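Structures are listed in the sections that come next.
In the two complexes below, subunit A is the common chain; its partner is subunit B in one and subunit C in the other.
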Partner chain A sequence: MVDTNLTDFIIDAKNLTKRYGKSVAVDNISFQIPAGRIVGLIGPNGSGKTTTLKAMLGLVPFEGELKVLGLDPRTQRDELMKQVSFIADVAVLPRWIRVREAIDFVAGVHPKFDRAKAERYIQNTKLKPAMKVKEMSKGMIVQLHLALVMAIDAKLLVLDEPTLGLDILYRKQFYQNLLEDYFDENKTIIVTTHQVEEIEHILSDLMFIREGKITLSASMDEIAERFIEVMVSADNLAAALALKPIDERQVFGKSVMLFDTATSNSSADAVKALGEARAPGIADLFVATMRGTYA
Partner chain B sequence: MSTSIGTDVNTMKWLIKREFWEHKGGFFWAPVVVAIVMAVFLAVAIAGTAYVGSQGVVTYNVESIDGGVAQPKTVKVLTPEKIKEVGEQLSVQIAHAYMGISAPLLAVFYLAVVFFCLGALYDERKNRSILFWKSLPISDAATVVSKVVTAIVLAPVLTFCVATILALVVVVVACTTSMLMGFNMFSEVLGAASFYFAPLQIAALLPVYVLWALPSVGLLLMIGALAPSKPFLWAVGTPLVTGVFLAMTNSIFQFGWNLSWYWRDIVGRGFLSVMPGSWFAMNPLDSHFSPTANVVDMAPLFSQSWQQLATANLWIGVVVGSAMIYAAIRVRRWKDEG
Partner chain C sequence: MNADWHDNTPIYRQLKARVVEMMLDGLLKPGDALPSVRQIAADFQLNPITVSRAYQELADEQLVEKKRGLGMYMTDGASEKLLDSERTRFLNEEWPAVLERLDRLGLNASDLLLAAETGVKNG
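After this line comes the complex of A and B, so read on.
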C-alpha cells in the first residue's frame, strides 16, 4: 500500500504481535481494512483469529501498531467503543437480565442505539419482555444479543461466531438482515464463523489466518480471478497435474482441481482450458490452504 | 463540556440501576423479609407480654378451701400506677433508642455488601458477561465506581429505609398496646424531639460511613477482580494464613511483636469496615461512649461519628481504599480472560 492517512482505513495493523508467555498467538501481521467492507476472518481453532479481534477491541495488550478508526485500542478504548460494536463470544449476556432490562440499559448508555429497531427484531422471535436470559434457550440468547447489537449504529461491527447455536432458518435470516437492514457503505463488518458457506455470498473480503500469520488476504473479486476450480476431464489429467493444482478431489468419478494462478505459474487461460471452470467455494479454498495444519 | 458530564451522569444512573436489578435480592428483599419476620415476632412478643401482665396472676387461696373446693383468686400485678411508671420509662427509652430495634438488619446488610463486593468483579469474569458489558461505551472506571456507589451508598440507603419503617412499625405496636392497657405512650413518644431527630442523625452518618468503608470495599473489589476462583476463600484465607504466620514467627523468634494492630488495622479495616458503626470498635475516641449502653442517646453517636473525620485512621483508609479501587479498575481493564 502507498502511504495513506491512517484514518482512511477502518483498521490499520502494522507488525501486530501478541505473545502469551513464550507462545506467539499473533505473529507480526500487517493488514488494512477500508470502510464499507464485509471481511471474513477465517482460520482453524487456535490460529489467532480471536486474539486478533481482541486486540482490535482493546481487550488485550499487544506489540506493534494497530489503529482502529484512527484510534489506539490500548489507550483510547473508551472513545473507540462509541463507534464499535461487537459480539465476542456466544452466550455472554448476564443470566439475570430480562429482555426489557437489556433493552432499557443499552438504550440508556448507548447514544447510537435505535430502540424501535431492536424491538422490531425481538417481535419476530419468541422472546417476551419479562423473560430472563437464564430461562432462554441458547438460540434465544443469541437472538436477543443480535437484536441489541444490530440496533446499534456502529462504524465497525465485529462478530465472532455470531450464529453458533442458532438453527439454519434463523442463521439465514440473520445474515439477510445484516445485509439489508444493517450494512451500508459507511459501515464495516468483520466476521468469523465455522459455517463459511453461509457467509461467502455476503463477504467482500477474505482473510485466512493460520498459526498467527495471515496466509491469504484479498477481495472476493481478486479471489475469483486468482483461484480457479476446474472439473478436469480424464484425458486432460496429466496436463492438469503438470500445472500443480493446490487441491484435488473426486466428484462422481471426475477430478476437481483447484489452481492458484498466482503461484502455479500457469495462466488463467491455460487452467480454464482443462475443463469446466468456476470460482471455488471458500470452504474448499480454506481446506486447500490449511492443509497440513493438523498434521 | 456539559454534554460530556451529562452523559457520564446518565451512564452512572443506568449502571447503578443495573446493579440494583441484579442485586435486588440482597439489598432489598433480604432486609425486607428479615424486617417482616422481626416485626411479626416483636408484635407478638409485645402483645403477649402485655396480655399476660394485664391478666394478673392467678393464685389459690388455701384458706378458702371449703369442702374440698379451692377458690381461685386473681391478683393484679399491674396496677394503674405501675403501668404509668413503666409506661413513662418506656416512652423515654423508645423516643431515644427506637432505631436500635432494627440493629439486626445490619448483619444482613453486612453480609449482602461483602458478598456483593467480592462477586462484583468476579462473577462477570466467571460467566463471561464482562464481554457484553465491555462491548458498550462504558469505561472500566465508570463501571467500578458504580459498584462502589452501589455498595456504600445505595445499599445503606435501602437498608436505612427498611430499618426506619421497621422501627416505626414496632413503635406503633408498642404504643397501641400501651394505650389498650390504659396508658397513652403515643403522646409521650411523639412529644419527644429525639423521636424525630433519631433517623435524621443516623442518615447524617452516611458520609462518615462512605469514607470509613472505602478500604473494605476497595479490598473486596480487588480480591474479586484478581481471584482466579473462589474469591470468598481468598478473602478469608489470605488474612488468616498471614495472621497465623505472623503469630508463629513472633513466638518462634520471640520478637515480642504486638499483633493486635494487624488484626485491628489491617484485617479489621480491610474486611469489617463495611459494617456501619464499626469505627466505634476499631477507632475508639477518647471520650467513653458505647452504643450498646442501655439508653442510646443519638446525639453523641452522631457527633462522635463525625469526629472520626479528624482521625488519621479514617483518612489513611480513604487513601488506601481509593488506591485499591484504582487497582481494581486497571485489573478490569487489562485482565485477559482468554
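After this line comes the complex of A and C, so read on.
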C-alpha cells in the first residue's frame, strides 16, 4: 500500500539545539531518518542522546527545526503521540497497577491500541492479569511495557535504554519480540543503548553523538564499506602507519588497526593489502571515534 | 536458535551460505518453504533488510522462488543448480591443486586407478 503521508522522512531535524542554562546539550545537529529503519543512537553518558529523544517526543522545548512524522513536537504533540510509542525508564509504571488495569488504561487513552494483541502477548509470559507491578521482577515489568507498546500500531517507536538492568535472556527476548511482532517496513525504531553488541546486527543505521554533536551518521552498509579493520603483521607495520589508522590495539602480539577510508588518504585496496581485513564491530568503532583525536 | 557470525564476510552472505548448505545436505528439499524474513530476523536478531538481501540473492540464482502471499520456496531445479556450481567450483579451484600435488608426487592415472581398486577391495 502506498503511504499517503506527504512527508519524506519520519524524522527531519535541522539545526536542532537544546541549551540548559549556559550548557549546550544538543549543539546544532541536523539529520533525517526515513521509514523502515532501525537507528541506533550511540553516545557516552551526557552526550545529548536522551535530550534529542525528548525533543522528538515534545518533552522539552528546543531551538531549530524538527519535524516528527511531519508534525512539530512543540505545537502538535497530541497528534504526534497517537503515532509514537516510547519506552524509557521502566519505573514509569505505577507500582500499584495490575496487569489488567494497565491494559484497560491504555485501551482507554490510546485509539490505536489493539487489546487482543496485548493480551495474546501477555499469555506467553509469566504475567497474570491480577498481578501488580510491585510484585514483578524487572524483566516482567519490561514485558508488560513491551506488551502495551507493541500492541499500539505506532509508526515510530522510541527506545531509550530499553534493556538496562535486564539479564541476558530477557534482553534477547526483547529484541526478538520487537522484530517478530512489531517491526515492519512501514515502521521506524530509534534506540539508544550501552549494550551496542546486542543490537548491532539489528540496526540499519548508526548515529554516534558526542558532546551534543553527531560525529558519525551512516547506514550499516556505508559503515561496512568505509571502515576496515586489519590485522597487520610486523613487516607491514610502517606501511600501515603511513596510511594513518584511526585506532590501533594489540592482539596476540599483532597490531589491529582501524582505518577510515573516507578521511585518511588510504584507499580500501591499499588497506586490505596490509593483512587480514574485516569489518569492525560497532563497539570498537565507537571507542575509536570517541577518543578525541579523531572525530 | 543461535548464530555465530564472523566479521570477514557480510552477514547476508553468511546467511545465504547457510541456506545453501542446508540445501546441499538435504535438510531443505525442493518445494520446501523457507522460514519468513520476519521469523529469521527475530530468531537470529538480524535486521530484516539483511535477511531479505540473502533471500533476494538466492532468488536471483533461482535457488528459491517467491510464491505470492505464501513466501519463499526452494525451487525444483535448485539441487541440480547447486550440484552444477559445486562441480564447476571443484574443477576450477580444487582440481588444479590436486593435479599439482599428483604431479609433485609423481603419481599417474594408473597408480590412482589401482589405488582406487585396492581401496574398494579392502573397503
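Here is the rule we use: the second predicted complex is superposed on the first by the 285 of 295 C-alpha atoms of A that agree within 3 Å, B and C clash if a C-alpha of one lies under 4 Å from a C-alpha of the other, contacts with A are read in each partner's own complex, and residues count from 1 in each chain.
FYI, a residue touches a chain if its C-beta (ideal position, glycine included) is under 8 Å from a C-beta of that chain, and two chains touch if they have at least 3 such contacts.
Since the structure is predicted, the reported quantities are computational estimates derived from the model, not experimental observations.
In the superposition on chain A, A:Met220 makes contact with subunit C only, while subunit B stays out of contact range. Comparing subunit B with subunit C, more residues of subunit A are touched by B.
By the touch criterion stated above, A:Phe86 is placed in contact with subunit B alone, subunit C being left untouched. When both complexes are overlaid on chain A, the residue A:Ile97 reaches subunit B alone and has no touch with subunit C.
Residue contacts after overlaying the shared chain place A:Asp78 against subunit B, while subunit C stays out of touching range. Look at A:Phe105: by the touch rule set out above, it reaches subunit B but stays clear of subunit C. Residues of subunit A touching subunit C in their complex: 38, 172, 175-177, 179-180, 183-185, 198, 201-204, 220, 224, 229, 276-281. Only residues 54, 57, 59-61, 77-78, 81-82, 85-89, 91-98, 101, 104-106, 108-111, 145, 149 of subunit A touch subunit B when the two sit together in their complex.
Subunit B meets subunit A in the complex at residues 7, 10-11, 13-15, 17-18, 21-22, 124, 127-132, 134-139, 333-334, 336.
Looking at the complex, you find that subunit C touches subunit A at residues 5-8, 10-11, 38-39, 41-50.
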